[in-house]
Amino acid sequence: MRIGVFICHCGSNIAGTVDCAKVAENARMFPDVVLAQDIMYTCAEPGQAAIEAAIHEHKLDGVVVASCSPRIHEPTFRRTVERAGLNRYMFEMANIREHVSWIGKDKEANTNKATELVQIAVAKLRNDKPLKAKSFDINKRVLIIGAGVAGIQAALDCAEGGIQVVLVEREATIGGKMAKLDKTFPTVDCSACILGPKMVDVAQHPNITLYAKSEVEDISGYVGNFNIKIRKRATYVDWDKCTGCGACTEKCPAKKTPDTFNELVGPTTAINIAFPQAIPKKAVINPEHCRQLTKGKCGVCAKVCPTGAINYEQQDEIITEEVGCIVAATGYDLMDWTVYEEYGGGRYPDVVTSLQYERLLSASGPTEGHIKRPSDGKEPKNIVFIQCVGSRDRSIGRPYCSGFCCMYTAKQAILTKDHIPDSKSFVFYMDIRANGKIYDEFTRRAMEEYGTEYIRGRVSKIYPDGEGHLIVRGVDTLLGEGVEIKADLVVLAVGVEAAKGSPKLAEKLRISYDSYGFFLESHVKLKPVETNTAGVYLAGVCQGVKDIPASVAQGSAAAAKVLGLFSKDKLENDPQIASVDMKRCVDCGKCIRCCPFGAIKEVEFRGKMYAQVIETVCQGCGLCTSTCPQGAIQLSHATDNQILAEVNTLCQC
Amino acid sequence: MPVLNGKELRIVGFLCNWCSYGGADTAGTARAGQPTDLRIIRVPCSGRIDPLFIVKALLNGADGVLVSGCHPRDCHYAAGNFYARRRLEVLKQFLPVLGIDDRRFEYTWVSASEGQRWQHVVQTFTKRIHDLGPAPKLEDPEPLLKVVDMALTSLRPLGTGQKNKLDELKAAIKAKLPELDVVIGWQQGYDAARTVPLFMRTPEDVDKLVWGPFNVNNPAVYLPQYKGKKVGIVVKGCDAKSVVELLQENLINREDVTIFAMPCEGTLDMARVNQELGRYTTIDKVEYDEAGVTITADGKEHRFCMNDFAQGKCYGCTMPTAVLSDTLIGTPTEVKPGPYTPPELALLDSMSLDERLAFWRGQMERCIRCYACRNACPMCVCRDYCIAESREPHWISQEDSTRDKLFFQTIHAMHLAGRCTGCGECQRACPVGIPILALRQQIARAVAQLFDGYKSGVDPEAVPPLLGYEVEEKNIHEREWK
Amino acid sequence: MNDAIELSRMRDTDFTAAVDAQSGQRISTCYQCGNCTAGCPAGFVYDLQVNQVMRGVQLGLKNKVLNSRSIWMCLSCSTCSQRCPNNIDVAGVMETLRHMARKEGIVTVPKVDKFWTSFLATVRKYGRTYEIGTMVLYMLRSMRVFTDVDLAPAALAKGKLGFKPHKTPEEGAEAVGRIFKRYQERANRQGVRA
Amino acid sequence: MKIAYYPGCSATGSSADYEKSTQAVCAALGMQMEEIRGWSCCGSTPAHAVDTQLSGALSARNLDLAARQKADMVLTPCPSCLSNLRHAAKRLENPEFRAGVNELLDEPLSENLPETLSVMQGIARAYDTDAIAARVRKPLAGLKLAAYYGCLMSRPHEVMEFGDPENPTLMESLLTACGAEMVDFPLKTECCGASYGIPERAMTARLTGRILNLATMLGVDAVVVACPLCQMNLDLRQQQAAKEAGVAFSMPVLYYTQLMGIAFGLAPSALGLDKLCVSADNLLRKLDQPAAYSKAPEGDKA
Amino acid sequence: MSITRFVKPEGLPAFLAHLSKDARVLAPVVKPADKRSVVFEPWKEGKEFTLEKATVPAKAAVLPQCETLVSYRKVKDKANPQNVKLELDDTPQAETTVVFAARPCDARGYVTLDRPYLKGPIADPYYKARREKLTVITLTCNSGCNTCFCHWVGGGPSSPEGSDILMTELKDGYILQGITPKGDALLEGSGLDDGADRFKEMEDVRKAAWATLVKAPNLKEAQAKVAAKFTDVDFWTRETDRCLSCGACTYFCPTCYCFNITDEGEPTSEKGGRRLRTWDNCMSPLFTREASGHNTRMEKALRMRNRVSHKFSTYPENWGTFSCNGCGRCISNCPVSLDIRQIVLDAINADKAAK
């Protein structure tokens, strides 16, 4: 081999604490190195040009660059060597900036360490082989999981871009959490008025197939060619026949059915339509409360249905779909705040969640927009809002900020004043996070124009005084004293958690999730929409807390990723994947057992069974390589011999 | 390139590309100063790290090895670090038996954002290695040749098994024989004081079958080569464990194997028997009684009481009868598990780390790499493609070096993690009597401790522990970096 | 602004580190939500509220914190620790501060300290107390011993206050005495107040 | 299971009634407890206020005596002692702390010290609610009670392990088994402020008053406690609190053992009911009303 | 009559010390273990040794388990890294060696190895260098043993073939008899007492040893009969049912001489690169596995056919004598006690059995 080594000064970033010329001099003694030079900035255009020229001039067939982290510039230099006619995988990097010059000041030690890192890179390079990507067809359809505002936005953008969309929603109606909100901050727009038209568009768009009351059961395949199984839950109503007229809901005798759409603040009927603007506007029977389904007698809805849509025998249905990529937009749930025993642990009816309060404010809610407290239906006068309930609280394992509670609490305080002009609102807060466009102005309005009393401190205890009030004991840290409020209603700004079942879905999607269940993006700053599984994108709160505009933006961003992916007719795989040496494979199946991606299958060849890597599915983790006892399956570009070459370079005494 | 004399020690790091390598980058970006000893090897995933890379480094001059991957649940590849965690922990518990201080190897989880944590990890680990000082080399100590103490007490009375109904067993085999390609058992060897494996294809072959304390070989070693054929096998309790383990790993099919079993009363440690017999030309007579065997060779009588001359494994055996069988002649005896450390492991346990290193140096010197240990192992199914003799991958050189020989034993032991049933055939097969079983015993002990008393070869449905994981491991806990 | 605390000069970061080390807590995790103060039943007799004590420790204001009355008046009821969103054992920190103050000879509420000393003296002598410690403490904290006149008669009538010393049998009193002796010796060796 | 009993110093003084009723109830249930021979003071608040290791040594001495008595478990009625003993045991897990404590003791501590639990937990572990109900002779039917645990019993949770630290329910389950109706008492773990006698009489009265007031508002017949200090404070201070709150209180404050004893049909004198400031006579009378029997649990038939 | 010397047991260390002045002396040493073994190791003053038959023969004295054929380094020019100088060293590493207390079967092994390594068209320089510097002192056997069969294949307990000196244990010491001029010279310079007066006694002891042997079968037909079985795969399959395909039989054989050559090490490193010759093992599937993965001897039956045929048929075809010396180590060291004697006898008797 003929190897060229280029040592980058990175201005003084590296050269400040590493003798780059000395490293180059040392590198000349390494095997197969025919050229080693130090360059001021390798990544700058002249630097890259120098590398290209050297490849031509010295007929190099491999290049080592010692500079910054490969996580930053490996793609850059791979393109450089490719331009000069080398295979992009005949290139190695030594990280002498982040791992050397920036973490130590001893020039002698740094120079020695940099030299060794170059030596390791040379040793690895000598075992590198040119790798070639393979191409395969794409199925240009997208699956979007979750039809909250993020999912809806992604679906509409994709559909407008001419892509066939399969939209799956767990609930009976699309719209997600936004559909439950009364108004939205900071404009105090009617939530239903701005979301409604988008929901109608989803229903009417020819490119969108909507499965409501459905969940993704199974996902197999790989980017470009996923196979999806969708479980369509039994609704006991034939939706092809249901017109959404509502006759059934009027007559249903099971009137004490818990109303999940209204966050359990009021009852509904066993057969119901979530809310007037529901999409699809179809009735659904709650089997746990339907008298026909639980006791076997009733049948009222079947009798009154003008189209004969009721079907008590309906079963779950499994539907299969084939798509080329997936957008997860599964949103969030509120955490179970009843762990706060000091707030009554859910035993006091007049301690409600912010989302319940939205339903109390909403004209389509159980109180038709009149604020009535759950215990006795009275209009509350003193209302206490407590922020950060289940947010920023390590003691219950939720250290993160839920992001939008400060804003909606201000909104709710404003709306409260609008609804009950003689009411008094108190907000216990720790910090006010209002960093969006006209957000801070909005919270100031709540204080200045609506007289909301903001108290800086947490609440330690809530308990009923036995006379119909709730005693709220908190602190005003600005005053440096405990404070106590006799409240009629307490609204908790309950923290956000990943939607229930997120980890399970993540496992089906083969994407990672953090310890709170939020899906992990590929890069926290630069790849917020992509995941580490090719062809799976994220939108909305499932990736991390965000408010409506951010969710919508990410929905559109995910759509852009989908359209970008589908702008090609063929996809190329990453050739850094595993492959089986059939001569060595004894078909013991250990690699198949532990591959996290199901990327290895058993194949027969001349009467014997062997393992074979499905090239499009393999993600290149190399778990199989470290599992195979005879080294028959090797991960390209990180083979046993390549890593051994590095180990042997370092350990040879 | 040697380490900087006096300043640095050789510390090798294996970091996953996605989290920990990024974490080290973050530390660099934050100018979080660190000692200069560490050399980082970038791998795609902690799951890619074969524990043998670490042993390779430690045997060849590394003073410390640090592995870091994504935090559990954060793996870029969903589950790579879950597998890594189990394998690395097993390795950590294994190293001391080689005489390597397990503090020289550590693994942890650092995310791409945890630059400070990375700095702390590097500082702490480097300090730890400097406190430990340069690692001793295998060649440094004087060879130490200690002998295993075989004065053992058995959990149950050992015997010669002559009351077993061998005729019934023969009849049962003969009845099944027409459906089977071959039945594997034991027959008399070149003299009456030893047996060898028997391959029965005709009723006349079946008549050669013997049962008794000389039946030392584990017939399960032959099963994988018959995969797809109908095979019968006669087993002792320990042999059955190998059969079960092979089933567990899908290396043989249950429907192809017919298991014939009789309760075993113990087998002889032929090493000590041969030692006692010495050089002789002919066996005159072998007589059995309940407690032992009397062998007359060249006119001289030698008495072998089973309680004194059994194989090490027989003393601690709690499963004298096959855990799984199709035909069982006789009734299984219950043996209450008791405290038992295998004698080889007990010997190693009694030594200091330095003594262990000296011990292995002394033992491995006489290894001539015949690989009888490997080939006698029923679990070594890839022996024909063993990495001990391959160039792609090239793990071991063919040089006559103690290190490479010990490294091979480590490979064998690590490859047996969670799979070894302790049948002891590796050690019995060794012509030069190296007590290599101790390494497998330590692996088995570590696996049992880590995975709730997991024993291989007991449950055909169980997942071998290193081919599975738990999101929350009950017995593996992140070490604190304080 | 003469009375401003000059942070560049007054901060004693060693103190902050020492509190961390001795209490086993990470005070830097306190984000001043005030929940400790909100729930504290004794806050009304404090000169510095609990969250202010924590802030003082964070800033390294050793004198301010160790001279505060609050650390002597804390009841160790642990309500603060229980409700701290950052899992800080605030009550443990208060106790640590009290120990530190005592060892440095700073006693802002001498009566409390005096009571403890006399209580322990009784235990040292008899092995047991002649009355429940907190009961007398309860009187003492009032700083008007036995003058809670409207209560004493009722208490005495009900036999709630006993004055007979119980000497611990089975050589127990002597064994306890030796514990104190060794403790005293150790404190002398370390040059701190016992 | 061998149980050692640690009465605590107050048992022979201010809380003789607690001690008496505890012994009586345990005897009625047939629970064998052996008093730790030569037990000494746990050090109470002053010891840990002064030095953690001194406190640890004073407490651990008793645990060691129990270990030498071959006890599997130590029970104590007093939450303050319980807190001290459990804190000591927890801290002794740290080898450094253990070494420091051993320095102070005559002999190093036994390797394994028995766990300390409250008598209440001891009863609940040995007898499930059915067993308790079976022992009831005179059900507390018709009585509405508020359980008050005070601040020491359940906190800190990692040390005390006494159910939910904000909402323990053990007393409720025992007394429900005895036939009483237990209200949800939100202030059950709020500090009663007992330690602050007269100088802050107004505030202490407020803390006490808050508890008594809520209990009164909830219409309970008595507040049930498990702590000698709480009992004394709540019982003794009702007039002061009343002055502050502007309402009169007459709320009996009983130990849970006294109420269990009543349910078990033990004589009031055996339970020390005569030591109460606010008399329990009304409560006893209410129990004797025939109407109460209609709601009697099955245990009554025995 | 040859030169004889007598030495008492207690005189042996001094004799070894004398020998080790000018040579590496390989003497049998006991390796204590549950299963003890005896191996040849360089002797130095004070080291314990044994006269037991070694578990591992002293073949390594002429054919080490691993030897460096060539060591090479690439030295780069600092100024112009493209200039690389190659340094080669292929000097055979041979030391003057005395093997002490080999057995007659081992000694005959050297003769067996000499033929292919020295008498063929090309003499192996590495082997030659070692062989020329080797002196063999052989202890005659005083009895037969259960796995030995030297007398079946032309040897015997006091066979002198391959030895420079034969040593025989008498009641009170050892008599050493010069066999070759090299041996004679060694004895003459040894300073040991003359042993001529014990010569008769020595002959008696040797005769007595012969008398202990079990009667040998006639192997005259072996070469032809084994060759005749070459195509009878079933025969070999049956005979090798229990074979584990390990290398114990070949690696412990004093006459197996196959080797493998591999390159190890990095030529530019300080240690340089090494071309190694290591023992190879025809019982391993690797022995004949080709680069394509194809293997001409995939079955262990075919591999055993090779081993037995080589020893009893093809080697005799080339060199006129069996290459098996009947030391029995392949039997005693085999984990499944596979018995080469039985295979040869089965081949010879196959026709009879068929009839």
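Going in written order, the chains are labelled A, B, C, D and E, and every chain counts its residues from 1.
Heads up, the rule we're going with is that contacts are C-beta pairs under 8 Å (C-beta built on N, C-alpha and C of every residue); 3 or more make two chains touch, one makes a residue touch a chain.
Worth saying up front: this structure is predicted, and the values here are computed from it rather than measured.
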Required minimum of steps from subunit C to subunit E, each step between chains that touch: 2
Farthest chain (mean CA position) relative to subunit D: E
Farthest chain from subunit C, going by the mean of C-alpha atoms per chain? E
Kindly work out which chain lies most centrally, taking the average of its C-alpha atoms as its position. B
Report the inter-centroid distance (CA atoms only) between subunit C and subunit D in whole Å. 24
Distance between subunit B and subunit D based on Cα centroids, please, to the nearest Å. 57
Averaged over CA atoms, how far is the centre of subunit A from the centre of subunit B? Could you give it in whole Å? 43
How many angstrom lie between the centres of subunit B and subunit C, each centre taken as the mean Cα position? 58
So which bits of subunit B are touching at least two other chains? 384
I need the residues of subunit A touching at least two other chains; which ones are they? 342, 461, 583, 648, 652
Among all residues of subunit C, which ones touch two or more of the remaining chains? 79
Touching pairs of chains, all of them, please. A-B, A-C, A-D, A-E, B-E, C-D
Partner subunit E, residues of subunit B touching it in the complex: 145, 147-148, 150, 189-191, 194, 196-197, 199, 217, 221-222, 269, 271-272, 275, 279-283, 312, 363, 366, 368-372, 374-376, 383-384, 389, 391, 397-400, 425, 428-435
What residues of subunit A sit close enough to touch subunit C in their complex? 342, 388, 392-396, 430, 456-461, 473-477, 480-483
So in the complex, the part of subunit E that touches subunit B is made up of which residues? 31-37, 39, 53, 55-56, 64-66, 143-147, 212-214, 241-242, 244-248, 250-252, 260, 262, 264-265, 274, 276, 278-279, 281, 284-286, 331, 333, 335-339, 341-342
Per the touch rule, the subunit D residues reaching subunit A in their complex are 164-167, 184, 186-187, 190, 213-214, 217-218
State the interface residues of subunit C toward subunit A in the complex, per the touch definition above. 29, 31-35, 37-40, 43, 49, 51-52, 79, 83-87
